[in-house]
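Heads up, the thing below is written out as structure tokens.
Letters A, B, C, D, E and F name the chains as they come in the text, with residue numbers starting at 1 for each one.
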């Protein structure tokens, strides 16, 4: 196994980046997937202060770490969402939220995504991971039924709002990797197909493969990898598990009476050997990011600095 | 087996009621679950013309049919929904839609639900079936996450908007039977529990048991019946089936690449023997409504006038 | 398909035998499996009155029916049971129960089983179906654990009590067909193996194949048929179904909150096509008995007099 | 994860308690669940010699261990059992067995349970774990069927025999934690419901949660925890696994041709992540006892003294 | 449902075609899928006697029947097979077998396939159904492993031998519909993909959809239909069922100890509602052929002349 | 656990045997299963040079290793195979292949198997593991169907070719352990039964239990062990896993789009606890061989020299 493993810093946003670097080095990671929130990677600063990207990079190098991807899920969500409300306010930077006027929020979010591409390029990361939002999720999510025209309008809105962003991405040589997920324009196999079509399969738009969202929707993660193999731009090793007792529901998080939740890789229903076997087969050579749900426990782990540890965590020791 | 079987007229709204009566009599039904749309049961007329309910009833009697429940899903949906949009316009009567102003639509829908209770009472039906809508479905349906406060606010909104309606129901001696369904305030087992609590388990608010919506969410319909046995006010024999091929998604309807859809009773994943066994055990003695998805094919069926036919359809012949 | 189908009369014990004959003829049965209780077949009378067996046989012939097997489950249960209590009193003839003294009951039951063999021979039926009882079921049923010595003692008790009975059976040219069932000496695959060994595979002792008791114990009925193919002396087409909702228990009957129950053939978890395919393969040519759980509903059935009906009921139309 | 883990000493009854303490300390346990047999905790001595409980406690403290619960399964079984036979003799102390007269055994067992409560109080343990026995298990275990009156009588017997015992428990401030298990009055979900009702949900009577007995009966352990959350007095981390090959039976232990057996935690069919997730949710803060089936192998384990080891054993590392 | 149903005559090859026509008319079929063996459709005669095709067609018309497809599985098998042996001799016409020299047989079979296309065209059927054979099946069927070069060579052989045949088909306006099946060049999903590629997706080569061979290989028939939707040239409603008892094997036919076998439609593991739903979705408008495994039993069926019967047989009544 | 674990040297054939010995000693193995190819064990040399077997044995002893079984799969395959082709050439020693004439290859392979028995005896190994080949696999592998006569002829051929070989085995006191596997005369449960019968259950012919080939064919490995318990001569701990996504096929190896593949023990679908539990039950006391698919990764493993490691690898720590 020769995958490069990176630590996603989003769960550690309360710690200074240097401390996270130290932990990652001790744990044997090859690099970081840096979150564009907290102090870890400041998009504004990266654009206003030419020395900033370089200083961040040198900080990583000091700990033997690299960065191939930055994460910007939260801002991306606001680019297309129809309803902009307190849930968005809770996750957006104040400058993007502004006065909370929906269209204003969307446009500021779109502008920030362009800046994120520029900042990533300056920093030397070739991939930005995130969500797209969706103008129609609240309509397709159930009843009353959405018409085909409504669905089509949603994909057009997605294309209209993201194509200008993707123009910047492609100009900067950076790729956007959308995480297929309910609430987004592409939330399952066939809507992924639809969304890729909506932007004409342009190279700037691909996928962040996070199988946790696939397994509870009853998809086969390995088949998904194969069918969208030319658009797998990043891999995020999140897992999920279902409990079916005849009463469990779908929502919200963290309540074990409800049927499923995200868990750390290898504790859920994702068959990781199949995933890694397929990643090799489609010759995916990008990083595999580890998203520790409860970072506070990492220190309790017995993570040796040898890369074999990651193989073992995924049951890949042969 | 001594269940009374009724035919739901919603799928036949294009035919005059008398013709539907004739078909139902031929097919051996005991009565109708009449839809409050098309010309089948006109709520306005029932309230403005004292002779109307009686004439409708006599029409049924002419064909040996009774009516214990009327259906008003579409109007109920608008009572609480946060977003009122083209999907609602497509299913609401023009007078309820009016100028489409959201709060206006909600209030006109609420007033119509009160009138529906009055009309049902005048007609002699003791149950109105429908949806509640939800001020928070679009928030709980996925990401960004809704806070507990938001969820609580949604249930308060439900109680605030439906309690005055239920006051009329209880005054009229009529019960509202909510159909547990995604998009509604009560969409699964635990939200049903929550919603019943929000209206203090008042007797005017109960459930229309439609197992089709339960099975694709992985609930056990028979267990649901037992746990909510004192609130099962009506039974609707709809079925659903899943197809899992590793790629199938959840939405929208009618596209077989997508994982599940509603089908006529006994063609899906509902285990009807378990359902009927539990109905007997909890001593449910109300009607069982049959909702033929594609009414045009009914004539092709070999439905004898003997009630044994319904038993056979559900595999209940012993 | 050329199986002979018989109607088990036990569920109709409240009707005179002639009336049951008429129903069976109308329904197209080839014969009856007659219960040795009610007035259907009186063992005492068959032995004391030489004309009785013949008159019963002529009654059947009048309706074009035959009889290859008589049923005596209830008396057989008392032959070995350790505890003889109110449950036995409820199912035994008063003369067998007598004063209720346990060993007395067991011996009277054993004597009656010998008489049943004699009566069956006189009547011309070559098979008696029943239970064996068990001196150790209450010990092996759970905790505290039974020792191997206890288990061995139970099988020895079975052999000691049944060998003299089987001597009479073999002398009369009649076979005993034990129904594998919890509470009996042979209650699953391996105890069947053990019990056959305990009586040295003597030809007088075989099996009544009733798959209902096998499927809820997770056995494969078709594999059971194959492995015990030389001891399949009778087939009883009973079915059973499980409902698993995370809470369902095993006992008692008729409460749908509890996990499983007997149902009429083809309404349960038995895969009848596999069963009939294997019956053909092992060249079983005996009767297939139909045990209608709720005989009162038979008249509601659309049972044509053609034998094709039975094929259809088991999904065997090809 | 902050659960306290205790080692159940019952499997080590051949070793002096001090040696078990040493092993437990080395293995990083927080305490012991002490068995009231062997020399580990002598109920008689605890009542007759006031210094004994204290000396035992100091022994534990010497090894940094605590004790919150003592175990008395074997004596409890005899309190209600209808048949008292060689299986009981094999597991009871000679003084309880005495002359083996059934009612005498039952009464001596009941007296000993009262003493156990007193001894536990003296020792400072607030929970006694055990079985209740059942006057009707041998009747409900199968055929002939038990009537509702018989079942009711069994629960009355349970209440009559255990209420006086529970009076002592409550007076001593100690709780009895019944282990739901076939052979006991409460052996599944609904009989647990029934038994709690039979003693009016008095606080002295609760449950020892041992999921091994639940999974092979097809219950959902996590749902069981939620529904009986106010009566979960202790947790025993035993596991079980089924093997279904079409022939496997239910009994007895240790024979792999037979379908299931107890195994150490995480080697069976219990989904421990769901169990621990639910324990957190219902705010269970008692000890989690580890019952090593084959204690002789413990030394071969690589158990570090850090509590993280237990998390890892249950796959709870995040 | 407006599918045209045809009866496959291969199982009735012992009856004169006119008798089969009478049966098919009585049973309500729309037409026949005529086998090119027995006297049903004689390819030689069709080419040598210009009146023959017309007379056969008029025979069908006399009974209100049409023919859209002829079947030639047996000859097709010999076109590519590496080993030509007694198994082929048993199924080939003597003139094709000749002296049994392998290459001679292959070439005569290829010539016959060309003639079959010509005969079908003369007869007015636009589809010929059959097998391709495979030069490498015996190599890919297991061990020792076949190299990629061997596999490639097999597909090249297939293309080399079938392209000249397909030239005739395309010239005649007839399509060849290969039945995906072990032993053939295309035996599963990915080899179907490979084989279509090997002949450049030329329009003369498509598929006969027979889901029986897909389900026991764990394919999803509906997904197969969707992915190869432009090559579904014919549908054959065969079914198959598996029995898993821990011992069942794969071969040969008709022994129920062995894990699976072909059964008539709706008696197996194919989910026909999903299949028909997908056929509608991909707008398949060709015939659906019914292949009664045991034609002798057809008369026992209660097949009414109304087309609704076929819907019912597939559970499609709504 | 007291099983002896051996390392199969076949995957390390590129390394000198001494280096493999060093690795095996470091990893805590008890011995080697030596492959009769590469330089590991040279059959010719063992027969021509009396000192060779002894020197090999002393080499093992130097590293504390023993050898109870040698492996000769590749040569055995050629003894019966009907088609001898490039696939065989690729795996046979040049001297066995010779001019490639099929019958010549078969006879040289048979002679070599006799010599392998002699060499094993000289070396002190009492078991030779291998394949039998099959004269009919290519016929039974699918269509056209093989007749019973053909199948019988295949078993006769197997007996005719292997009995003389087994004569040598038995004379030398060595047993042949056939690995049940597609392509061989015994490839599933029932063909194993058939093959054992074909050679009259002679003691020289038994089985190498490799559950990887059983699980993907849906067999129960533990039941297989029990039923053939007197013929389990060796155990090879290979594993396999299936992935079912609706499209996955059966062949060839290494392509994850295709449904299954061999993996190292405990990474697949074999339930090892059941296997080891049954091995104990049937008192198997031979070695358990470990076949590392990708030996190059062994050094990355954290294999301590204590035998507990192997228990842990199979989840057998209790």
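Just so it is clear, a contact is a pair of C-beta atoms (placed from the backbone, for glycine too) under 8 Å apart; a residue touches a chain by one contact, two chains touch by 3 or more.
These numbers were taken from a predicted model, which means no experiment stands behind them.
Asker: Touching both chain D and chain E: give me those chains, sorted by label.
Answerer: Common neighbours, chain D/chain E: C, F.
Asker: If we define chain centres by averaging CA atoms, which chain lands farthest from chain D? Would you check?
Answerer: Ranked by distance of C-alpha centres from chain D, the top chain is E.
Asker: If you tally contacting C-beta pairs, which comes out ahead, D-F or A-C? Let me know.
Answerer: D-F
Asker: Any idea how many Å lie between the Cα centroids of chain B and chain D?
Answerer: So the centre of chain B lies 48 Å away from the centre of chain D.
Asker: Could you say which residues in chain A touch two or more other chains, in rising order?
Answerer: In chain A, 220, 223, 244-247, 257 touch at least two other chains.
Asker: Work through the pairs of chains, note which ones touch, and then classify the graph as line, ring, star, complete or other.
Answerer: Contact map by chain: other.
Asker: Can you list every touching chain pair?
Answerer: Every touching chain pair, ordered by label, is A-B, A-C, A-D, A-F, B-C, B-E, B-F, C-D, C-E, D-E, D-F, E-F.
Asker: Which residues of chain B touch chain F once you look at their complex with the stated criterion?
Answerer: 244-247
Asker: Quick check on the complex: what are the chain B residues that touch chain C?
Answerer: Chain B residues touching chain C: 1, 220, 222-223, 226, 271, 273-274, 277-278, 280-281, 306, 308, 311, 315, 317-318.
Asker: Within the complex, which stretch of chain D touches chain F?
Answerer: Result: residues 241, 243, 245-247, 255-257, 261, 263-264, 267, 292-294, 297, 300-302 of chain D touch chain F.
Asker: If you look only at chain A, which of its residues touch chain B in the complex?
Answerer: My answer: residues 74, 77, 82-83, 85-88, 90-91, 131, 137-147, 150-151, 181-184, 187-191, 217-220, 223-224, 227, 242, 244, 246-253, 257-259.
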